[in-house]
Structure formats: structure tokens, C-alpha cells
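I have a structure here, written as C-alpha cells, and I will follow up with some questions on it.
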Amino acid sequence: MATKQYKVGIVGATGYTGVELMRLLSQHPFASVVVATSRSDAGVALADMFPSLRGHTDLCFTVPDVGALAQCDIVFFATPHNVSMKMMPELMQAGVRVVDLSADFRLRDVAVWEHWYNETHACPELLAEAVYGLPEIYRAGIEQAQLVACAGCYPTSVQLGFWPFLKQGVLQERGLIASAATGVSGAGRQAKINMLFAEANDSYSAYGASGHRHTPEIEQGLTAAAGKPMQVTFVPHLVPMIRGIQATLYGQLEDPSISNEQLQRIVEDFYSASPFVDVMPWGSHPQTRSVKGTNMCRIALHRPQGRDTLVVLSVIDNLAKGASGQAIQCMNLMLGLAEDAGLTAPALLP
Amino acid sequence: MATKQYKVGIVGATGYTGVELMRLLSQHPFASVVVATSRSDAGVALADMFPSLRGHTDLCFTVPDVGALAQCDIVFFATPHNVSMKMMPELMQAGVRVVDLSADFRLRDVAVWEHWYNETHACPELLAEAVYGLPEIYRAGIEQAQLVACAGCYPTSVQLGFWPFLKQGVLQERGLIASAATGVSGAGRQAKINMLFAEANDSYSAYGASGHRHTPEIEQGLTAAAGKPMQVTFVPHLVPMIRGIQATLYGQLEDPSISNEQLQRIVEDFYSASPFVDVMPWGSHPQTRSVKGTNMCRIALHRPQGRDTLVVLSVIDNLAKGASGQAIQCMNLMLGLAEDAGLTAPALLP
Amino acid sequence: MATKQYKVGIVGATGYTGVELMRLLSQHPFASVVVATSRSDAGVALADMFPSLRGHTDLCFTVPDVGALAQCDIVFFATPHNVSMKMMPELMQAGVRVVDLSADFRLRDVAVWEHWYNETHACPELLAEAVYGLPEIYRAGIEQAQLVACAGCYPTSVQLGFWPFLKQGVLQERGLIASAATGVSGAGRQAKINMLFAEANDSYSAYGASGHRHTPEIEQGLTAAAGKPMQVTFVPHLVPMIRGIQATLYGQLEDPSISNEQLQRIVEDFYSASPFVDVMPWGSHPQTRSVKGTNMCRIALHRPQGRDTLVVLSVIDNLAKGASGQAIQCMNLMLGLAEDAGLTAPALLP
Amino acid sequence: MATKQYKVGIVGATGYTGVELMRLLSQHPFASVVVATSRSDAGVALADMFPSLRGHTDLCFTVPDVGALAQCDIVFFATPHNVSMKMMPELMQAGVRVVDLSADFRLRDVAVWEHWYNETHACPELLAEAVYGLPEIYRAGIEQAQLVACAGCYPTSVQLGFWPFLKQGVLQERGLIASAATGVSGAGRQAKINMLFAEANDSYSAYGASGHRHTPEIEQGLTAAAGKPMQVTFVPHLVPMIRGIQATLYGQLEDPSISNEQLQRIVEDFYSASPFVDVMPWGSHPQTRSVKGTNMCRIALHRPQGRDTLVVLSVIDNLAKGASGQAIQCMNLMLGLAEDAGLTAPALLP
């Protein structure tokens, strides 16, 4: 290819979203990773930590350095929350364009952020500037943004499922339920006893049922969709699988006389120009494995017993459309590339 | 032990509920399996089909025969639906006491049964006589019953979670949601492509979301609990694990001023005499593995963000409390034994 | 791309090697699938059977037809054994070039084939013409071949591990052991009770230990490598994972004074021009997940306690380098393309 | 029961062998756990750490205290190596009988121990006194012992498989191979990144192939069996399952004219009085799940292609017969109880 190769930096590349960025970008026709940082593993070759990258990169982790990052066309933050907000002012001043996969700039209301993350936000002045990285909704804003705050994994699956219906006002304000489930990689590549194979395998449970940090992010989105304050009951569950999120969404229909065809058309029309949302035929049951390793969100509708409750099933890969894939989708928009550049491979199945 | 050994027969012992009955009864102090039938595998030693039973039984499968079964103190049907109803009249006449793990006698309304199971019921006249095998609710009836129709797996987890609150009238009639998930053994020991390891592992999805046969059974129970017709939106999901069901139940509180303590007390009081329901402290997250191989149901309550929605988490082992364990619990009551005889081993963990 | 798109046909595309060919070829820059056959599912859209292919192909399965296949530049057989040999003469006459993923043409000795596969070979006259599809060994032959008999999954992992050492004569003739393990997808997409999730998960066992069909294929290769008749004790095991094969190979060193460095150099030199064999540093432990979805074979050497036994660890993805990836590698050579065209994506990890 | 209840103490009860002792002893007719220690978790209720124990014990962890332990009839050490040897002299002096599940007293040669465990042994003077806890071999010694050093998990499976044949001298001295595989619980309940579900699932690999600490323990045993110094090549593998070990053992027959029947009789005769070794029919393939949660070892023989290599398949549950079950079996012998008291439940299957 004779085309320009954009230079990419990754801050915090030792986690699962980091190695997923490396995997996906290794296949990107127009972008190459030139910096990958890790404070704790500086000097280590990426391919030594992740043998799957042997033959795909010669990079070593380096200590994060604004000067080096400023040479990049795009910098991804694949860090836990509370890291990017500390480096962001300097990077913004240096004119770097950033896609932040962490939660630091997702919430517009600093008080809400500080309540749920239980600390003081380091640069609230940038919150207003950050564009929320959910391209199906904020495509135009992302194209122009200097700072994109990539949507979270659960919030992506829940918002994409509910948005068209709230936008159209077909669901009642009360009684929205998001019962969702994630694979274990959502907990990150950190040594925790409860994420050991011997603990997490062959079991299933809810967690964070009394209140999870993704709730305010979801409600911020649903409020924007509905044009009025919205609440949701969100209960996440842990599934013994590596990747994947399914959100099972329940809403009470405002007008029970609405037909299934009308409901199906609402969601199909809404995503007609979105290459990464696949609306399946009415009554389908999307499997998380059908999107494994891809940037797709698959959605299907049900109306149990033909009654007044709409059920929306929405599946994504938490590390791809729920994180690194979506981040690259945002990058593509920011750089004026095809939205799906480097993101076209089908899921690994079986 | 110098005590009487009751004689037990199992019809259809080649499936998962059959081998689970064998496993549990091998440890029962007062009962021994003397007949295990299978039309297709007559003559085969049980221990050849299930090497886990080597050293625990010398039985061979036999063709089902009413005469042989009539010698038993208790006969279990571990068959698919549509089998027991054909043999039942003859067994009833022979005076045999039966615990039927299949769905044939669970619904009291024959029309509803025929609608959901899509065939004519072979002996509707026995439906009224059958006692529903959910001992926490129908203990007295089970003790006297000749025919017990053991509650289904999902219905057990959902009813045990909702019942105390519907009984007390603290939940609104509209908006009951049961979002539930099961391990793969729930599909039985039958060769189906979609239950292959390579299909079911590392994935998660809903199934039967537009209407599942357990819905009418659940609604029959919730109606009895509330004393008025109740509907529920029930969506089951498939989890890549062998055993376990979690029901995540959502209900809107009738009176939002009710306290968490009051809600907790309702469920604790209701199950105070039930050895197999363990009400965990408010805000707990029961794991299915904590009940693996046991007859326990663990329940915990949440009220996300302190709002008006009550969340009840209810876990069981689908093959134990959801089938064979519950069947033995019913047998114990029918024979006047301790309710927990042979059912006291803790879960296998890890 | 302005380049020629070669037309590809797949016979028997409903199994796992079929859908893997579809997945990999959807990313191939110079080849497109134009025919996918299935007798039983003719008329069904591939994307309906495999939702992971939604958006990647509009093909429907068709009844196998020599005329349609003859229009293809390459035809893959992704069928069980005993199918391709029946269609092969006609296809050969039609001048079609074929890569056969089945076992029909792997063994050069028809008597051996008929012994292990327990039936009469339908066209023994083509056995001599078929080139064995293990490109690291038979690259030149494959480039010219009309009929390539793709190496089996276990035989690939075992031969690639042993070959350099037998070629160099550093291992004793007696005492070769291949203790290997596979993921469950190796059993194919067929409804078998013993491959159910509830049967295969959370367990491990050997199978076919008294004699497995891959033994003669392996011995044919090792004999070629050593230049004299070789025997091996081959015991396969089943692992509760979807994809992956590890062969753990044991050989007694002919001359115990050989150094580890010499052993390492033998294998590195042998594969220096092979893009899909990655020789890891001495003492590494390759994981099957490091090659998941890729055409790589990773090899590492050990010499426990510095004694006289060489241990070779060799991992592949059974569906990729063990089947469909290797088939495409063969196709690339046959068509004069870069050997790694369409096969460069890194493994999905985690 | 009017029988004596022996008092049991467990040192280090927060790990997997600790909770497995609790699970098994909760069903033991003649023993009750009265002390469970943990330095780090003193004060915590066992049932809070392991919800599977809710309703089965009211114990809280306590700081290890020789006085309290001295009140017990038996004390188990379920600690990592390097702990028990520090407390042992004091306990021995207090007259306590101890079953040590750790590696501290398994090797009779202190130099070998110090080489493999890389530290100074704290009380080498007790090594000679310790009886090796493999009851099938050392039953009489264990009955009299004050200190039993329970056999390791791999060593149990490998020794039980090889012993009868080495004892009878039917295998050649050279070329013994033990290719074994374990579930993840073998790594213990410790937060390690490589044991995370997202790392260990859907993958398979060897580990410790250049030298594993269980090798000297195995060779000490095989040397005792053969009555002359024996070496073995031992390569362990990690399987994505929670419990289970399979050892696949390869030996070259000394006299190829020995019949399969003779080989089968050797192993059947050897274990005729051992309730926990189940010799399956010739050519069987024992599955680890067939012993899950039990103290059984299942063994089966093969002779691939009828040649000169004997293959012994041996499966155990690493936490039961490989640790806590075997420890209780030793305790039963020490206390003069039936060898299988409390250990008779069949495996959880599926």
C-alpha cells in the first residue's frame, strides 16, 4: 500500500484492551503502533508478554512520555480509570488527539463522576470538551473531536439496544430493566482470587447488583436518547467465558397496539447507516460467540407471549465493540478513514 | 443401620436426572434403588454407562414393567414429558406412590398444558389429584400425596424467589421480570448440535425469549402466591457451565417506603422452617457453584440505588433442587422421613 | 485491489473446517468463495447456519455439482473421509485443482488405508499422484500438484516437531512417544453425546489409546523423515477447550553428548524459511491459545533434568494449521501467491 | 450415632485442600473439625469465605496455636511447603498425630529436598520418622505413624499406575515416561495472573517441562517399587478444568511375549484389597470426571498396535485422592477406622 501510515501510541498496553488494540491494529491498513507504554514493564518486549504477538511487533514497553506520545497521530489510553485524566491536559496542549478507553471522561457531570469513582476528578475542565465515543450516536462529533471518551462495555450494549426505542418514545418511562452478563476478561488482566479459573469456572452469579459504576453512564445516555431524565435498573452478571457481553433489556410498551413490524422497523431504520450494528430478524437469539473478536453489535427483538413487554437482546465483544474495536472505529472517524478500516474480519467460530 | 430400607424404582434412568437420582440415593440412609428402567438400553449395566457409579451399583437397566415397579415404595419418573402420563393410571391403580420429575402433571389446567406441549394429555383425570412438588410451599400436601408432580428447574428458582413477596403483597402486579440462566445440563443428555461443547462453550445467549414452556408453570405458582392472576416476563439464557440456575427477579415495590429490613424479614420469616432455602444477608451475591450438587436454594435481596425496584437473586442446582434433589426431598416427606435425609452433603467447591 | 480474484469452491461447507475456510478466505486478498456445497442443507444461506458470517457472504449451500466446481480455480474438500475419493476422478479429469482436507488421499499405501478406514478405497490409482499437504516439507511438490492431500491435525503437530531431529538422525529409533491433546472441535460438528458440553467439560481423558487412525499417517511421515521405517506410540487426549492441539513428543537421544544449543539449532535451521513455524527459545512452554485462529505452529524444546530424553512441545490450532489454514497455505503455493497471503492475523488472545 | 467423634484440626484452611477437607469431613461419621487456622484471616467465619459451607460449620479461622492443636486427635497441614516443618517438632513433642499435605516431609533425602525446594530444611531429623502417605503401598506404616507425609497429587497418580509393573519387573529400566495433566485447582487459591480464567481457559500447555518438583518424589517411589534406582521423564500439563489429574504412563516391556491378560492380572492382583483403586477393563479410557470429588483412582491399560509399549492411564481428583481425600484415608488408618469412612460418595456427574 502506498497510503499514509498513521502513527499510534498506546498508554497502558499490558492489559486486555491493550493487547486487543495491538491485535486489531496489526491488521489495520493505515495505522501502525509506534509507542506502547507501561510503567511497570518498561523494557519488556510486547511479544514476550503476549506470545500471540510474536512475529507481529518488535516493540518494547516504554515509560509513558508526553514527548514520545506527542509524535503520534492518535494516542489510546488503555488504562484503568484515574490515569488518563492526569496526563490529559498536557497531551491536549501538545495537540495530540486522544481516544480514552477508560472511564475518566465519560460522565459530563463531575459530581456524578466523583460520587461513583470516589475521588476528585483531576481535570473537570476537559469534561465538556470530551466527545462520548459511541459512534452510532455521536459520529459527527467524534470526527471533529480532539478527545474521545470511549463508551464503556456494558453501556455500549445497553444504549445501542434501548436508544432507538427511547428516541421514538415507544417505551414507558418507568420499569426499564437491563439484565446483562459479561465474560471474565471484563475484569481485566489483574491477579484477583475471584477471577481465578478455579473460582470463576462452572459458576454464574450477579455482582454489583446494588449499584454498579456503569449505571450513571447508561442513564446519561438513555436520558439523552429520551430527551428527558431516565432511570434504569441495571444488574450485571459474570459468565464463565472469556469474552462477550449480552444485555437483555426489558421495557414496557407505551402503546400496546404497536405491531412487531413497527418495532422492528424502528431499530432497523435507526441503524441503517451503521456498519457495526446488525439487526437480526425478529425473534432471533444472538450469541456472544457470533461477535467474538469483532466490532459488531447484534440486536434482536422479542415480545414474550405477545404482551406489553418489549425484550431487546444485544450482544457485543466486551474487548472489541465494548473497548478496543470501538476505539479504533472512533480513530477511523477522527482520521477521515473508512469507519470499518481494519475491523472487517468475521468472528472466530467455533 | 437397623432401619427399614425403602425400595425405589427409577423410570428413564439414562438421563441426567436419572444418574443424579442414582448418585444422591447411593448416599441415602433409608432408600435403595432396586429397579432402573430404560427401553433403549435394557441389559446394560448402569455402571457401564456411567463409570462414576462403578462400585456403587450392580443394577442393569430393564424394560419398564408395571409389575416390577409396583414392588417399589416409591417410583421416580426421570423421563421427558409425555411418558409418565401414559403409565400413570396403571401405577396409581396398583397403589404405587410416584414422584414425577417430568412436566406431565405440573399444570392444573389441561388446556394450558396441551397448548404449550402441543399434544393431547393422556390422563387429564389425574391432574387434580397430583400435588405440585415444591415442598417449601406444599409440604403438607406432598406428605399425603400418591402422585407428586415435581416442580421444574426454572419454576423452582423463580417461585421460591418471588413467593414470599407476592404472598405479602409488596410487589406491584405489573412489571414482574424473571431473567434467568441455566447450565447446559438442563438440555438433557441428548445428542443435539447446539449443545456440543464446541457450540456452547465460550458463548452466552438467550433462548426461548418469545415464549418458554416454563412460563405457564411459573405463572400458575405466582398466581397461587398472590391470590390473583399474575403474569411474568420470563427470559431464559444458556451459560457455558454444566450445572446451576440463577434467577434474577425484578419487581416494582407497591409501597416505596418499605424498608430493606422489612423486605429481608419477609423472606427470612417465610423460609424459617425450610432447611433447603438459605436466605443470605442483604446485598449478597449467591453463586451457582455454592449449591452445586446440593438441594439448596440460596436467595439474596438488592434494591439498586435504593429505588423502587426489588431485585431477588435465587440460585439452585438445576439437577438437584431443580430436579432429583427436590424429588428425594418429596420422597422423604411422603415416607415420613426427615426432610433432609440423604441430602446433607455440602457443595463441591472449587 | 486490481488483482485477480481466484474462484474457490468448498465441498461440505457445513462442518467446522468449512466455516473456518469461509472465515479465513473472507480476509484473503486474492481468493473468493463462489460455491459452497452441502447435500443436506442445499438452499440454506451460509449466514443463517453460521451467524458469524452475516455480512460476509450471501452464498447459499448448493448440491455438489462437478460442473459448478469445475469453474473454480481451487476446490477444497471439507468432508469426512470417504467422500472426496468418490468425486475425485471426475474432478481430476475436468482439470480442477483440489485441496482435500479429508483423509482419503493421505496414505500412499492403499492396504494401510483400507485397514484403518475399514473400507475399500474408491480410486487407489490417484494415491500416487496426490501430494501430501505439509508445506514445510513438500513445498515444491505442492506448488505443482493438481491434488493435495492436506495433512491431518495431529499428524501436522507431531511431524513438524519430530521431523528435523529424525532427518538429522539424533533420535534413537526405539521409544518415540507422541502424547498429544486436542480441543473438542476436532470431533467435528456432529451430534454425539460424548461431545456434549455437559459430557466434555471439566474432564480430561485419553481416547483411541489402543490405536488411532492418525498413527499410520504419522508413521508414514516419520519414516520419510528418517529414511528408514519408524514406529511411534501415539496417544491422543481430549481437552475441554474448543480449538488447539498440543503434541508432547519424547525421543531418546542417540548421542547424549549433543548440546542443547545444537538441538535448538537443528530445529531453527530446518524452519528458517518457513513463515508458519515459530521456534521459541529453549525451555519455552507454548500455549495453544497463542496460535488460536492462526496458521502458526509454535515449537519449543526441553531436556528434563539434562538427561537423555528430548522433549519437543508443538502447538497448532487444529482447525487452522491442522486443517483449513494449512489448506489455504497449500492453495497459496499452488496459485503462486505469497505463502502467507490471507493468513497473517495474530491469535485472538485472551 | 453414639460413636466417638474424633477431634480434627486443620492448619491453613483457607486454600483448596483446606476447604476440601472441610467438605469431606462434614460427611465423616466419626470425625469433626474443631480448629481451623489461618494467620491472615483469623476471626473470619469459614462459611463467609466459602459460602458452600453455610449451614455446615460455625467455625471461625483462628491463629495457629500449638496448645489448641494439641487437643486434637489429628491435625492436618493444608499449607504450602515450608510451613509445617517449622511447627512440627513442637507438635510431635506434644504427642499430636499429624497428616501433612505439604511437601515438607515427603522426600527422605534432605539434600534432594533442599535442592528442589531451594531452602534449608527446618527439621531434617523428622524425615526418617515420617511415613509416606500413599496407603495402597504403606498401609501398615501409616496405621502406626505419628507423622504422615501425604503423597503429592501427580506422584499419587504416577506411582499408583507404575508401581505394580515395576514391582513385577515387567518394564525396562530405561524410557519411562509420565505425561500428565492437571486441572487448575492444582495451582492453589492464590492470585496469579496466569491462573486467571481469561488466561487459563480455552488453552492447553505443558509447564515445568525442564524439571518439576514432583519428579524426585516420583523417582523416590519408583525406586522403592523396582528395588533399584529408577528415573522417569515427567512432563506436566495444564488443562482448563477445575479438578482432575490424568497420568499417561509409557513403559517399554521387558519381555514382549507377555500377554495383555498377564499385564491386566498384575495390576488387578496388586490392588485387590485397595478400595480406592478401580482397575477398569483392558482398553478402557478413564475420565477425570468419573472421580471428581472422590478418593478413587481409576486405572486402565493399553498396548498400542499390540507392540512393546505398555500404556497405563491413571486418573484421580487432585484435591481428593491427590490431597484431602488421601489425607482422610490416612487418618482413618491411623485411628483404626474403616479405610473408606466418610469417603464413599460417588463422583458428581455430570
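A, B, C and D are the chain letters, set down in written order, and residue numbers restart from 1 in every chain.
Everything below uses one rule, namely that contacts are C-beta pairs under 8 Å (C-beta built on N, C-alpha and C of every residue); 3 or more make two chains touch, one makes a residue touch a chain.
For clarity, every value in this text was computed on a predicted model and none was experimentally measured.
**Q** Which neighbours does chain A have in common with chain B?
**A** For chain A paired with chain B, the chains in contact with each are C, D, in label order.
**Q** Work out the mean Cα position per chain and let me know which chain is farthest from chain A.
**A** So the chain farthest away from chain A turns out to be D.
**Q** Please work out the Cα centroid separation of chain A and chain C, and write it as a whole number of Å.
**A** Chain centroid spacing, chain A to chain C, equals 36 Å.
**Q** Let me have the rounded angstrom distance from the C-alpha centre of chain B over to the C-alpha centre of chain C, please.
**A** Here chain B and chain C have centroids separated by 46 Å.
**Q** Among all residues of chain B, which ones touch two or more of the remaining chains?
**A** Only 16, 183, 185, 189, 198-199, 201-202, 240-243, 286-287, 289, 292, 350 qualify.
**Q** Mind pulling up the chain C residues that touch chain B in the complex?
**A** For chain C paired with chain B, touching residues are 16, 183-185, 187, 189-193, 195-202, 240-242.
**Q** With touch defined as at the start, can you tell me which chain D residues reach chain C in the complex?
**A** Counting only chain D, the residues touching chain C are 174-175, 177, 179, 181, 183, 198-199, 201-207, 209-211, 215, 231, 233-235, 237, 239-244, 246, 248, 250, 252, 283, 285-289, 292, 302-305, 307, 309, 311, 313, 315, 350.
**Q** In their complex, what parts of chain A are in touch with chain C?
**A** Those in contact with chain C are residues 16, 19, 22-23, 26-27, 50-56, 185, 189, 201-202, 242-243, 278, 280, 286-287, 289-293, 296, 298, 319, 344-350.
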